[in-house]
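Heads up, the next two complexes both have chain A, just with different partners, chain B and then chain C.
Our next item is the complex of A and B:
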């Protein structure tokens, strides 16, 4: 009974996965694409299944780059956010500039940074961190400013020092905004790392993808796309779980 | 009074400071030769044919992004409405949207180039990015109608379709416009990703080829144009949203 019910719930929630695979297969068959244009899903899954060892190192590399970039970018954004928090003038001047920089499309930013920092693996990390920095910074500044007036009054009346007010009031009220920023940015970190790897890297899924494509190994190229999608979905789900846990803890 | 005037001045100061910073870093080569002064980038547009090239690419990207915006919005609206009319499909649709959002667009671009073709790829990728943003915005928007209004429609025995048209779509309008303000820049990003992989023209192609050929002023002109397009899309839809809020509130 419960088994049947959980199968049904699974079906209700995950039918699109099956739908995507079926549509993909139909699309290839109906259009009569050959293996060199678009392989059928089964061939791609078989390639991933048979060559797990080929995918894992690049997958791990991209995962580490995305998470490290997200971590570094978030840390820098928190420090910068606290730095401008003290002064309404500084945050009023810096935030619009950060908003402008945030709207630079990733596709325009990566080639420029690649030229500035040179073509190597540390550039991939730097690119991911820089791209994660701006959204987290914008959310941190607005989060720190969102503490209620009554809260501020209370801390002022009790003669709390600036550091205490920051730690016990403003940072706490900013936590939900910061976690939203991390959730939104997590899939972007994977995208940024892969775009950078594709363009300049020597490792990672982006690189695996560009090599497979230039050797016309379409099973491998599509397999990389599937693996990258799974990685990105997992990053998003992980960030969402983290957000829920942290927000539940502080509120 | 003076305080608020000053506060309105801050953003302007911020943007001016950014421009000056970019110029100074470039002028004194603080970040090497790959960071040109802004004035040099602007001057490079005076070279014969250069402005023409940048504008033509900008036009191609703008058209692809706009087409993707329309296509993605239409699909997302249909999807979100379907989720309301056929409630059993709803949990699955949410998952579908989350998956589509997480697909790294880079993974799709070269595959679409092989199948959809070089011309269509930027539009399709833009539509995918836009589709997710709009779907999320509309799914929450369509549920935003107040309980009381819902009850009136129930008591009067309104059909699902009537309820959708007369109550839920109007209630979703602010969410729809919020979504568009986010989706505009997403469309530009999607279109340029599609172009990276070899569309016949567009800012994405120009950026990658300028990078590989060390044409720094051209790289910066193209990157700045893409940024302007993205900002323009954001500002335009935010304005529409503010105007609509004033009209309907």
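Our next item is the complex of A and C:
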């Protein structure tokens, strides 16, 4: 009874999704668009439902690329963040580089990186990692700096080395910030992976979308968009659950 | 012990000569200035002299903002004096911390929120790169009355329990010098009194060179061998007296006229110190 109720309440939180579907349908019907311009949601859902096997491999590929890219970007950001925390000289090199990396539009970067790494998985991975790097980097730097004065004093009077203080105080203090960064970056990782797939890839939802569009399979193209949206939302929800669990552990 | 329980001061202020020591804690002519904006600075301490003999328990009393905590931070090696010398065992204070022989309990307990109480008390071992002495940790937890709470996290404990855990942590490595910065400041009067009794018991078991910073006169009289009263900012030593009340100083001591006499004198001293601030 209560379980059913909580499920219902949970579903109610997703009313914007239902609204989007209804507005989408209205928009198509009211404007009298043909299927080639914009299919109705029901046709799209039908295509996804009837061809799950067509979607799953590309979905899995994009998911793996997103997660691996997020992992790589996070790892690089942690290393850079620790460097910046540790030394002003490293900070002077890394921080402007990170800002430049952030300022260059990713679409401009993709051809260059594809030239360097080849038109293959590693480019997709690299693009995703680069997109994920900046937010995690910024949150890591601020998280490392957020250790309380009393905590720093404690480690000082205990005679702790810099490495010990980093490991036992600053890194653990930074965990909540890093988890926030991962939560807000996770959907972006999906977006980045898809963009790279769309432009250069041979697999993944981005590639599926670009192929479907070239063959004017609008149900399939829109179906890919729906699946990608679902994947994006799911990574966000997953990252949020992870964040809650981890933050409860360290605070 | 002598029958004279309290040496009550007649003339004020009297600077008693500090015990002659080769080691212990020594501050000589220490001044500390904090730079503020535009070339101005705040003088927290001005020509302060203070000695703590080995194995002695000294309480540093003073109005709030008089620089008591600054003295403690100087002795802990967390800050450098602007002028004068701070020595612990005849060497710079940071040396003692580096050798993991310093125990400090701060105003804020500074327990690590992600670690259990047991891990928090074991932290000094890990930081020093020594194997954790589980028996020692257990003994300490029992000593401060936290047996059975080993696996609790700090947020699950009351304020008093957290402070006790912090004191257990300060004692973990058998420090040669113990620094206490109003460790019971945030506690209610009853818990505070109980904590004082526990600290006195712990200290009587192993007489560590101890410097306690407090603004609570009762606490100072209950715990210390010697009490040093500071003036308002900039902090100087205003008055020093020895507490001759025999140990253990239980609850009955707080009802004796000697205790009250000393508390009244010191309270009056703090009042006038406040006025000069």
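Going forward, the second predicted complex is superposed on the first by the 232 of 251 C-alpha atoms of A that agree within 3 Å, B and C clash if a C-alpha of one lies under 4 Å from a C-alpha of the other, contacts with A are read in each partner's own complex, and residues count from 1 in each chain.
Following the convention adopted for this analysis, a contact is a pair of C-beta atoms (placed from the backbone, for glycine too) under 8 Å apart; a residue touches a chain by one contact, two chains touch by 3 or more.
Owing to the predicted nature of the structure, the values given are computational and were not obtained by experimental measurement.
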| item | value |
| --- | --- |
| Which superposed partner A:78 touches (first chain B, second chain C, both, neither) | neither |
| Partner chain(s) touched by A:159 [first = chain B, second = chain C, both, neither] | second |
| Per-residue contact with chain A, leading partner among chain C and chain B | B |
| First (chain B), second (chain C), both or neither touched by A:251 | second |
| Partner chain in contact with A:180 - chain B first, chain C second, else both or neither | neither |
| Touched partner set for A:233, first chain B, second chain C, both or neither | first |
| Chain B versus chain C as contact partner of A:31, first or second or both or neither | first |
| Chain C residues within the chain A interface of the complex | 73, 76-78, 97-100, 102, 104, 106-110, 112-114, 123-124, 126-128, 155, 179 |
| Interfacial residue positions of chain A with respect to chain C in the complex | 148, 150-151, 153-160, 164, 168-169, 172, 175, 249-251 |
| Contact footprint of chain A on chain B as seen in their complex | 7, 10-11, 13-15, 17-18, 31-32, 34-35, 88, 91-93, 95-96, 98-99, 101-108, 110-111, 114-115, 185, 188-189, 192-193, 196, 203-204, 207-208, 210-211, 214, 216, 219-220, 222-224, 226-227, 230-231, 234 |
| Touching residues on chain A, where the partner in the complex is chain B | 12-17, 19-20, 27, 31, 33, 37-38, 88-89, 92-97, 100-101, 103-109, 111-112, 114-116, 187, 190-191, 194-195, 198-199, 206, 209, 213, 218, 221-222, 224-225, 228-229, 232-233, 235-236 |
